[in-house]
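In structure tokens below, several structures.
The following pair of complexes shares a single chain, chain A, combined with chain B in the former and chain C in the latter.
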Partner chain A sequence: MKKKNKFLDILKIASIETLIFFLIMVFFRIESTWILLATLALIGGTLLYTRIYKKQTESIKALFASNRSTVLIVLVLLLLLYPIVSPIIIPQSTYWTLILIQTGIYIMVALGLNIQLGSTGMMNLASAAFYGVGAYTAGMLALKLNWPALITIPVAGIAAALVSLVLFLPVYKTKGHYLALVTLAFGYMLALAADNIEFIGGPQGLKNIPSINLFGYDFLSKVGNFHFYTNYYYFVLALVILTIIISHRFFNSWIGLTLSYIRDDEPAAKGCGVNSNRWKLLSLTTGCFFMGVAGAIYALMIGFISPPNFQFAQSLLIVSIVIIGGMDNILGVIVGAIILVIIPEKFRVITQYRVMLYGILIVVVLLSRPRGLIPFGARKYEASVLGARNGKEGPDGNK
Partner chain B sequence: METNKKKIFYTKDIEMRFGGLYALSEINIDIFEDELLGMIGPNGSGKTTFFNVITGFYKPTSGSFYLMGEKLTGKEPFEIAKKGISRTYQISRLCLDLTVLDNILIGTHLKQSTGYFTTLFNKKKLMKEVDEYKEKAIHLLKIFNPAIIERLYEPVGGLPQIDRRRVEVSRAMIAAPKIILLDEPSAGMSPDETEVFMDDIRKIRAEMTNVTIMIIEHDMSVISSVSERVVALNFGKKIAEGTYKEVFNNKEVRKAYLGEEYNHE
Partner chain C sequence: MTSTSVVFQILFNGLMLGIQYSLIAVGFTLFFGVLDVIHFAHGDVFMIGAFSSMVLITLFRLQTASGVSYIILLILIFILSMVLVGGFGVLFERIAVKPVSKGSPVMSLLATLGLGIAIREAVRIFFPRGSESKRFPEILSKLFSGKEAIKLGGTIFRFENLLILIIGVIAIFLLGLYVNKTKMGLAIRATAQNGEVAEMMGVNKNRIIDITFFIGSALAALAGIMNGIYYNSIIFDMGAIAGVIGFSAAVVGGLGNIYGAIAGGFLFAFVESFSAAFIPRGSEFMDVIAFAVVILFLIFKPSGILGEKVYERV
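This part shows the complex of A and B:
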């Protein structure tokens, strides 16, 4: 009997996720303004439904919460199938695959910022600049020295971390608005440097950066009938999953606890023996490492980078992802990235109003959920992304 | 004054000056092992400043203090915590949005494996520590109020004031320090709650042997019922020291609190 119920649960979850999967592809496909508005109405209607039919919503939420491994496995399967299924449904599927890859890359940058801003409470308005350091490092190493991707990507991350260390060392003890201003300056500094240093391309940037070549397999080659972007899709998917697992481990560990305490009450943390200065530096450099890695992948994939890619506007987008999505919450950051990267792309259809609608979206979200769409939840010290530890007791501590 | 107890902490002429204001001057206070020392004094007499100095939050303008013979003056708060001094704060410093468990477990920071390697690759070790310290936290909460344990994963901000105090004290206790400093722990409590809290203090004493507790209090019923020794401050200077009775009857102390001569029954 229990097995049957479990099977039904799995079926329910799989069907709900598959349904959403197809709806998203339909959403990608739509070009006409009116049907687009209808889709938005559908989303609005769903939100209203959750408000009115609280009981059903709660039961669905509970279903997903208690079967987390199923949810994640189905999700990963759907994501793996996407490049194969999407060309059937979406005529412009290559474009959307590229957008999804870009979203994945931004998720990595945002998870890096999340460590600094979400977990430790340190504002960093220069995330695009550190992303750029990673991009330029990988670009230069690949272009001039022909280093393989497996080396340039981690080196790019380390470069971004080192640059952040050098920049933050004199100023990381500042707080709040002052730190924000200082990082704002860093962003401009680095962007200006990229614009003016001829050695790394100046205003023209770097072009013809060699693509990834993994153990002889060239990422520019087509996958059967599919566009070469498919290679990058799976590569980025794997790395995003890895980044999520690392972030999850950080959150559900002494590291996450210590950073949160520094964020919420630094003097109390110090009183408990926390060397907050050291931890803040650690948080900054680690976050920038993530950003650098993401930048490297971007450079290798697009093959062409230039200063306009790494301006304050992009930094602001990353900050918005973390703040709107949910600070110190991995799922929140992912949702934030999806909303803030994919929706504006879709709104290209209504190009004139794109920026305005984008702005309205941000205002609406912040008014209704000031702590972000998915604020951080209780730290349960979970051992794995797949959910609570098996065989361990619940919160009442009875076992 | 019994002196078979070992002196584990002492200050030497601590002076804390803020511009022209001497918040503390000529402070010489000894703390002995396994005692409960009370500190009293009118508002502004420098009690919390004293705590802030000996925990490193303020650096004294002159003077020094020693724990187990080691000079701690000039050290940062986290270094002093490492040497074995924990504290609570006059206005509770808890992270209200974090869970009850989080707020206690941060007390074990110095014993935690916080390295990247362990966190990313040695899950087993990390989880073992989590379980071990969680047991400790639950054990402490059982002493004070088992009801809190049901709310272990709820934000601590949802707990009533007295339970929050208990969480803060548990955070200080779980670090197994040599000295626990309690700064007006009964502030904001009703008389009933204060009664319960005095019981809490006795339970702490029973639970943690060989730990010294120093407690700043305004509520004389607490001081009189739990302190073995009392030290009194006024205007930044130590004006009396001894048993509660001795200090309470000291002329200087009475003058500080009550103004002029006052015949107390």
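This part shows the complex of A and C:
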């Protein structure tokens, strides 16, 4: 009896997620300007539904909350299926695959920033610059030294972490406005340096960076009916999942707890014997490592990088992803990336107003929901510890 | 040119830039005093100052006027654009600065950054051909049309630049008088020292905040007009870097201290103009060098030139 119920639950979850998945596909496909109104109507309708039918909404919520692993598995399966299904449904699927990959890259950068800004409360307005350090490192190694592209990715991450260590070592004790100013200056300095140093291409940037090549198999080659970026799609998907897992473990471990302690009350943390300087540096370098890795993937996939890709406007976009989604919350960061990267791509009508709308959106979100759309919840250590005691779940079973 | 005249020229350029940076930095430091926020959109308020004065110049047909009416119109334009931008400043403060000022520094910083972007983009989109750089009319040169520029040992000082410098110095002098000698100034200083106690002593804090934002924004507008006259061209994103520089100058001088902000503004300007002149390819790297100086200050003297040392209270 119970087993049958479980099966029904899985079926329900799978069907709901598949429905959403196909709705998104349709959203990608339709080209007319009415899509804006239709989407708004759909979102409004859904919100209205949740308001009117509170009981059903609650039961769906409970269903999703109690079967986390199923939800995630179905989601990953759907994402794995995307390159196979999308050419059938969407005519211009190559473009959308590229957008999805870019969203993945932004999720990685934003998760890196989330460790710094969300968990530790350290403002970093130079995230695009560290992303650029990764991109340039990978580009230079692959282009000038002919390193295999796959090896340049972790090296680029380490390079970004090292650069951040060198830059932050003298100034990591500053906080608040001052740290914002320092990182802003770092961003300007690195962008100006990239623009003026001829060795790394100057304003022209780096061209023809070789793509990832695994045992003679070029990642940009077209296989059968699939589109151009399929290999990269799977590669980035895997890395994003890896980043999410690492971030999740980071958040739930005592390291994440320590970082949040420093964010909330540094003097108290120091008083309890937390070596806050060490942890701050750790959080800064870890975050910059993620940014560097993401930058390397971008450089290898697109094959062309130049200084305008890594300027303050980009840093601001990444900061907005973290702020609007919800600080110190992985799900929030992902939602923020989807809102700020995918949705503007669809509404080409508003391209001209896009940056202005970013600005207004940041102000409105900060005024109405200062903790982001999905604010961080308290860590549920107690529940998981109790669960472990009862033999139901491991210590990291749920968040 | 002899080397002394080169130095004179650089010093003069530094003074010209410094007076503009100081006027912006004073705003940052005033706002930080009364609200404990960094108003990152202040650079864009400076940009609005330049644009609104240009609009007023065409609106009043300044170019066709002559004689006494020209001077009266000119003064009117200066005052009107300062008042207008001061009003804008108060509006921005009400919309996006004061409501977030109670949150963490990160929040207020982002909100004002977002506000700045919105302002900048609004000008780009809604101003006619806003994304191009605009030629700022040479409004002051008409006053000195018949006269030769002053030459001092091979260095040329243009009259209109000297006039800008004098106007800037007068503005700072008046600000100093206002803050130090009037009752309102006393209230501003009291609020900056301790807002709650000031309120208990009968200071209307909200009014003081409005007044402070009005004054700070009006001074930024003056800096914007000066910038337009000095460079002869304005563009919608001129405020982005000006805001960062103004903030840096305020920090270098010591946040919350008006004279510190002025000193910081001049220091930043001199570092920039000297590095542009003496370091090879300096004009490309001058911002980098100036920011490096700011970072050095933050490392070795985080309280700034004139700031007090702040101890963290638990």
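Here, the second predicted complex is superposed on the first by the 359 of 399 C-alpha atoms of A that agree within 3 Å, B and C clash if a C-alpha of one lies under 4 Å from a C-alpha of the other, contacts with A are read in each partner's own complex, and residues count from 1 in each chain.
Here is the rule we use: a residue touches a chain if its C-beta (ideal position, glycine included) is under 8 Å from a C-beta of that chain, and two chains touch if they have at least 3 such contacts.
As the structure is a computational prediction, the values presented were derived from the model and not from experiment.
**Student:** Contact-wise, after the overlay, does A:R249 reach chain B, chain C, both or neither (first, second, both, neither)?
**Tutor:** first
**Student:** Could you look at A:A268 and tell me whether it touches chain B, chain C, both or neither (first, second, both, neither)?
**Tutor:** Once the two structures are laid over each other on A, A:A268 reaches both partners.
**Student:** Touch check for A:L192: first (chain B), second (chain C), both, or neither?
**Tutor:** In the superposition, A:L192 contacts chain C only.
**Student:** Using the superposition on chain A described above, determine whether A:T258 touches chain B (first), chain C (second), both, or neither.
**Tutor:** first
**Student:** Kindly classify A:T137 by the partners it touches after superposition: chain B alone (first), chain C alone (second), both, or neither?
**Tutor:** neither
**Student:** Let me test your reading of the model: by the given contact rule, A:R379 touches which partner, first (chain B), second (chain C), both or neither?
**Tutor:** first
**Student:** In the overlaid three-chain picture, which partner chain does A:S276 touch, first (chain B) or second (chain C), both, or neither?
**Tutor:** first
**Student:** Indicate the residue numbers of chain A shared between its chain B interface and its chain C interface, in ascending order.
**Tutor:** Touching chain B and chain C on chain A: residues 267-268.
**Student:** List the residues on chain B that touch chain A in their complex, please.
**Tutor:** Touching chain A from chain B are residues 55, 57, 76-78, 81-82, 86-87, 89, 93-99, 101-102, 105-107, 109-110, 112-114, 116, 119-120, 123, 126-127, 129-130, 134, 138, 149-150, 152-155, 171, 175.
**Student:** Which part of chain C faces chain A closely enough to touch in the complex?
**Tutor:** 38, 95-96, 99-100, 103-107, 109-111, 113-122, 125, 240, 244, 247-248, 251, 255, 281, 284-285, 287-288, 291-292, 294-295, 298-299, 302, 312, 314
**Student:** Spell out the residues on chain A that touch chain C in their complex, using ranges where they run on.
**Tutor:** Where chain A meets chain C, its residues are 117, 121, 123, 170-171, 174-178, 180-182, 184-185, 188-189, 192-193, 195-196, 267-268, 312, 316, 319-320, 323, 352-353, 355-356, 358-363, 366-367, 370.
**Student:** Taking the touch rule as given, give the residues of chain A at its contact with chain B in the complex, in rising order.
**Tutor:** 246, 249-250, 253-255, 257-258, 260-261, 264-265, 267-276, 376, 378-381, 383-384, 389, 395-397
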